[in-house]
Each structure stands twice: as structure tokens, then as C-alpha cells.
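Pasting in a structure now, in C-alpha cells, and then I'll have a few things to ask.
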Amino acid sequence: MSSLSDYPVEVQTEVKQLRETVAKLHAQLLRWNLVVWTAGNVSQRLRSADLMVIKPSGVRYEYLTPESMVVTDLQGNPIDGAESPSSDTASHAYIYRHMPEVHGIVHTHSTYATAWAATGRNIPCALTMMGDEFGGQIPVGPFRLIGSEAIGEGVVQTLQQYPQSPAVLMRNHGPFTIGSDAEDAVKAAAMTEEVAHTVWAAEQLGDVIEISPEDIGRLNDRYRNVYGQH
Amino acid sequence: MSSLSDYPVEVQTEVKQLRETVAKLHAQLLRWNLVVWTAGNVSQRLRSADLMVIKPSGVRYEYLTPESMVVTDLQGNPIDGAESPSSDTASHAYIYRHMPEVHGIVHTHSTYATAWAATGRNIPCALTMMGDEFGGQIPVGPFRLIGSEAIGEGVVQTLQQYPQSPAVLMRNHGPFTIGSDAEDAVKAAAMTEEVAHTVWAAEQLGDVIEISPEDIGRLNDRYRNVYGQH
Amino acid sequence: MSSLSDYPVEVQTEVKQLRETVAKLHAQLLRWNLVVWTAGNVSQRLRSADLMVIKPSGVRYEYLTPESMVVTDLQGNPIDGAESPSSDTASHAYIYRHMPEVHGIVHTHSTYATAWAATGRNIPCALTMMGDEFGGQIPVGPFRLIGSEAIGEGVVQTLQQYPQSPAVLMRNHGPFTIGSDAEDAVKAAAMTEEVAHTVWAAEQLGDVIEISPEDIGRLNDRYRNVYGQH
Amino acid sequence: MSSLSDYPVEVQTEVKQLRETVAKLHAQLLRWNLVVWTAGNVSQRLRSADLMVIKPSGVRYEYLTPESMVVTDLQGNPIDGAESPSSDTASHAYIYRHMPEVHGIVHTHSTYATAWAATGRNIPCALTMMGDEFGGQIPVGPFRLIGSEAIGEGVVQTLQQYPQSPAVLMRNHGPFTIGSDAEDAVKAAAMTEEVAHTVWAAEQLGDVIEISPEDIGRLNDRYRNVYGQH
């Protein structure tokens, strides 16, 4: 099916909701200083069909509306919307195809997360907030060129090695985060930048104390099972 | 008494006021860039009963209202409110039980204060503002896991060793601040981040000049007794 | 012609549009934290005549209106407007005369870009965003005094050596950026500060990994030809 | 005369204007991130009498109104207003008495300016903006306790040694800036923080290139005489 009108009504209804949700969440990228100009994007995968809703390419944030969001299939082919989809669409699609539990993806070039990515160093786990949210280090993924699904492939490979982490820092590029929906992935993007900034600042003061794997396990277990996140 | 309607009218009136006050002060955490997403909380202890009003767990700041605030007793048991109380409730309760003069507590993961906490280093007293407000160094407390009153216990132990300081940086975690009411504790949280950032920046320039204990004593004495703070 | 009323109607119409555009874009300098007080300026060259619209000198941003913008010829002589033009007018004029494809210029003293300028070091190309937007390093230009066209001359000389870059960091001074219109140059100014900050932060963490010239070429080619920028 | 009603009408009129001006300028301290909570103050000296208008002590910025501003004589004695004047009043008064050309004073603890103050290092002149506005280095003044005119005395002594500079960084404390009126001093406070931040960032990258005394002289001369700033 190559047109949204070919899909069942429930799909069209979900698309309508997700256009609102995804458009609105881009304001959260600005709210938490994760993006400059047009440099970031959010998508959410539908529950009712193998489709996703994603930011249009090269549109300034103040001009984003629910209507300007683009609907594509999970190969990245446009299904609905007047604009072209984000140049990262093929990578979002790759991640959704290979990680079926993921329903939200965010990509930014947020300053401190990207600084770690430019050095190729994982962010060491030195904060209880990292134990909670990331279950350990935030890993750096491989260097990949933009414009194909190569970035998505690098994200999936890296997350398979760090199954607790909802974030990967693509080398020389910036963070990708995943979640059970787009809001969850935006939260992970905000947390990634915050811990990237904090551990960066800590390193300038002297030796950073890393948290032991046992305590990381306890933190992450409580966060997921008692606090009920993820 | 396990329901708010069992309490005298004056208690119900104070609860109503404090729901407003505590909800509103969360906006100050955002205003001074002390928190990201849901990562921080404010509470205030009542004057008219052994109860406190505290932030609900996991609610985004833009959705916080006076009605969403939670009332608990000083063991952390919920007394009133539709939401679950913050996961730090047991620690707030511990502090109120062991420090009766304290009527406000704030916890954040503010960036630079938490950076010091990740290295285990006290912030040296190099600013007149620290002499005024903190009476010397801002101490780092012990590493403690989240979810029990263990954090509160670590806060109280540390503050007993640094009786002039309204702030303690829990190791690998973040700052807790206390005050005569919630606003006073929010002020201490804002000041903690500001001096953490300033002394951090000073260390990058070269040798920081610490203020002598005699001058710290003079600053703190004037601040409390002449200027009338605390 | 020394008065705007001597010009054809189409010129007067374009002036009216550009006064709106240029006044409004100064708000974007504030939005992205590129300027403090009055320290920055935007101009755009007309398509219909050899004129430009530029910020008035020494006016605080909250008082900028379309009417307060100044029109000058490409020697920098005032043609229309009650205020004096920016003290950088002669340099904007020099750039427009020597780079006919340029129709927008922005000058700021944004913090991290200017920090690189104070050390005389080019920003190394360590981010895919730099490969995209700048086609490699962001170069530092010569030291030049303010008030004549000497700065404009230094900008043109440096950009001739770095033809892919829309930005040059004038030594001990700050960035100048160019574009196909003023909005394009404002985007380049925002991106310049962002990558200056990110690579600065990366250097504090350890060895920054530079992107190879081959990969920079691939990124820049795709950005211009496939993505359609510049 | 110890009551404002004893003064001529023109003085009462100027007081009314300056209450508006000074109250409004405190919003600019927040706008440029120069202050946290209540930690900063602005004053302006009248032209029509030996009086000044200054911020009240310990009032949060959102509660500042023209009416809450305090009028004192140039010994710091309150003449009009319901609140107590800022604890820095005696120092403002000392500066006005000893520098008659000064009609505006601002004190902040802005982060990076105060970081330099905590190390006792002057900010080297490495930016054309510093040559323009400060005529060279921004000097550090002596350590002085709060609450008497001792700080004002240290400010005056230091500015006598650096007659081009409108700013002094009091050691371990924070910047004081002066101007021909309060707005001029607020501008100097904003510029002080900006150059403090920029040169701080430059030092983290490697060797900062200082501007030669000859070029500083040329910049400062043009700024004052051609551009018309002081």
C-alpha cells in the first residue's frame, strides 16, 4: 500500500495522533538544548501498522506542525506528507526493523554527548542516574556516513553489545536514543546529554570514581522493576 | 491517622497552602537549570502536624499541579494524593525525623554539583558567597543506593560534621539541601550549583585561593546575624 | 543615487521586505545565544540593486525594528534610515563587492568560536556536521583593526583559501559567516558556535579523532548535492 | 534632609524616574545570566541631588518593583523606601563619593568573572571587544569583607590603577562595574562576564594570543572617540 488512504481507519487515526505527538516532542529537544537550527529528529513507530511518523527534512523547528510530519513505511518509503522525510529516515527504519520492541527513536548532535563521540570514548558510569537509566557506560558506535541505513546498522550492532543502554554515541557524529515510544526516547536523549555534561565536568576536576558493576546492577534493577521505567 | 480527613482543619489548611508552595517551587528548579526531565524533588514539612508535602514520582514538570503533590507522614507513608510519592520520600522523611529544625528539603542532580560528587571532592571555600551561605566547604557524603532511607541517613551524618552547611553532595549521585522551609532549601540548591560551577571554572584557570577559616567565620557570622539569613 | 526615493519601485519593495527579514533575524542571534547586548550584526544584499540592509550601530536588540535598519550602497554609504549603520558596514560592503554570490553576512562574538579565534587555531574537522556544513576545518583569519574595510579584506582572503567554508574566525575578534541570503548566514553562525563548543569540549576529554579528507569530501558532496544545501 | 519630601520637586521627579530605570535594569541581570536568586545589585546616582537609588536587600528578582527600590544619601543612609537597602550600599556610596563622574554601579557574582576572581588573576586582553570596552586587562581587586565600605575602597583603588577599565573583579568575591548611568554599568557587567567566559574557554585550548598595547590603544581610542562609547 503506497497511500495512507489505503490503510484501515485505525491506522489513519493512529497516524493523526502520532503527528501531534511527534511534532510536539521536537519542542522538547529545544527545551532541553539538545538541538540547534534543524539538527535533530524524532520518530515514532505505529502500533497498528508497519509505518512510522518522522520529522521532515531541513525545516526549522518553529515551522514544524503536525501536518508537516512525514509518514513512511519501515523501508523509509514516503506514504503520506507534503515534505521529504529526514535524511536519517533509512536509519530509523533499519532500527525499527531490527529491534521490534523499539517504538521511538531520537537523534541529536547535543554538545557534550557529541564531544564524547568525537574522541571515541564511552562515557564511564560514574552517576547513579546512569546506573538507573543506562545500566552502565554509554557506548560509542562506529563511524558511518550519512544518507543510507549504515548509521542504523551501527546503532543496532552497538546496542546489541550494550543491551541495557537506550543510547549510543555514533563516532564523530552524535547520539541516537531509543524507547518504547517517542517520548521515552526523548527522555533518554535529554538524560544522555545531562550525564555526558556532568561526567565531562567531573573529569576536569580529577579522578572520576566509577560505580561498581554490582551497584550498577542493583540501581538498574530497582529502576526498571520497582520504579517501573522501561 | 491514615487519611487527611482525620486531621484537624488547621492541618488541612496548611496542606492546601503547602501543595501550592511546593508545586510552585518546582518551577524554580527549572528556572535555575537545576533539573532535567523529572530528576529532582522538593518537599516541605508541616508546622501543624508530623506530615510533609512532596513531589509525585516520575511526573514531568509541566504536568505538576498543587493537586498532584503527595502528602505523607514522617515514615514516608502516603496520607493523601492520587500519585505515588517521589522515590526519595523515605530519605526526606529520615532527614525530617532526625533534624527537627529542618522544614524544607530539595534534591537535584544539578550538573556541576554532581560533577564534584562524582570525584568525591568537597568544594573548597574560595568565594565570599560560600562563606556567607555555606560557612565553608560543601561536603561530599557517602555512596548510598536509592530507594530506602539510606540516603537520608548519609545526608544527616554528613551535615552533623558540617553544621554550617545547608548542602551535601551525595557521592556519585547529587546534592541534597535543607532549609527552614522549602523556599530556603531551593535557594540553597540554586546557590550550591552556582558555587559548584564557579569554583569548577576557577580550577581550570590555575590555583584557587581559599578563604582563611577566620574570614569564613566573619562572613558567615555577619550573614546569619546581621543580614538575618537562616 | 543617494536617496532611496531615486530608486525604482521594485528596489523600494525589496528594501521593505529585507528590513523585515534582517530585523527579525537578529532575534535568532539571541535565540541561539550568539550575542550579548549589541555585539553582533546581520546584513543582506539586495537582488534588485547594489544595496544592502544592515543593523544600526549601538542599538540594543529589544529596540531593533524594521524601520531602524539602515540601507547603504556597496561602498557603505548610507542611502536610507535614521540611524548610523553598524561600525562593521565597510567590511560587509567589501565582502559583497568581492564575493558576488554572497547575499547574506553575519558577524558575532559568540563565546566558543571567539575562544578559538583568541588562540589562532583552526577548528579541526572532527564532526560529520562540520563535514556537511563547512567542508573541513573552520579557518582563523588575520588580526585586523575595526572601523575600516580591513576586516572584510581579511575575511575574503581567508575564504578564498577555504572555499568550502561559510565561516572564518577573525583572530582575537570573532566569527564572520556568509550565505546565499541573511538566513543562510545566520544558520552558519549558529552552526559555527555549536561545532566550536563541541570540539572545544572534546579536546578537554583527550585526543580528538579527525575525519579523513576523503570522508569529509563525501559528506560535503552529499550535503550540497543530495540534501540540497548551498 | 532625612526625608524625600524635604527635597525639591525636581529631585522627587528624578527619584521617580530612577526607581523605574533601576528596577527594570535588574531584569537585564537575569536576561544575561549574571545573577542567581538575589545575588546582585544595581544603583544609579541622581543628577539633581547627592542621592542614589539602589536595590533593596534580600528580595527575589521577580518581586522587585519601582516602589521597592530604596533611596539613600551618599553616606548610605536611607532617605526613602519601605525596605532596607542592599548590604553593598556603603560600598556603592563610597564609589560615588570618590568617583564623581560615575553615575551607575552594578555588582554581580557572574560565574566566569568570579572564577577569575577566585584565582586572583587579571583577565588578559586577548579580544578586540576587551580593547574596545575595557582598554586592556580586567583587573582583580583586593580581598575585602562584606558589610562596610571596605569593598568600595578596594574598587576605587583598583580602578585608579586601571583608569580605562569600567570593571574590577574583587578577589574571591565577584565583579563591580561602573558607568555614566546604571544602564552603562549593566552593559559593562554583561560584557565582563562574556569576555571572562571567552578568555577562560580560550585558555583551555592552548596559548592565548594577547593583543599588543599599541593595538589596544588604537581599539580603545576608536571606540571612545569615533564610535562614541566610553
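First chain written, first letter: the chains are A, B, C and D, and each begins at residue 1.
Simple rule for what comes next: a residue touches a chain if its C-beta (ideal position, glycine included) is under 8 Å from a C-beta of that chain, and two chains touch if they have at least 3 such contacts.
Quick caveat: nothing in here was measured; it's all calculated off a predicted structure.
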Same or different contact residues where subunit D meets its copy subunit B, judged by the half mark: different
Chain of greatest Cα-centre distance to subunit D: A
Interchain centroid distance [CA atoms averaged], subunit A/subunit D, Å: 45
Centre-of-Cα separation between subunit C and subunit A, whole angstrom: 32
Interface hub residues of subunit B, defined as touching at least two other chains: 204
Pairs of chains found to touch, sorted by chain label: A-B, A-C, B-D, C-D
In the complex with subunit C, residue positions of subunit D that touch it: 32, 126-129, 132, 187, 190-191, 193-194, 197-199, 201-202, 204-209, 211, 215, 218-219, 222, 226-229
Complex contact set, residues of subunit B against subunit A: 36-37, 39, 57-58, 87, 109, 111-112, 114-116, 118-121, 143, 145-147, 171-174, 200, 203-204
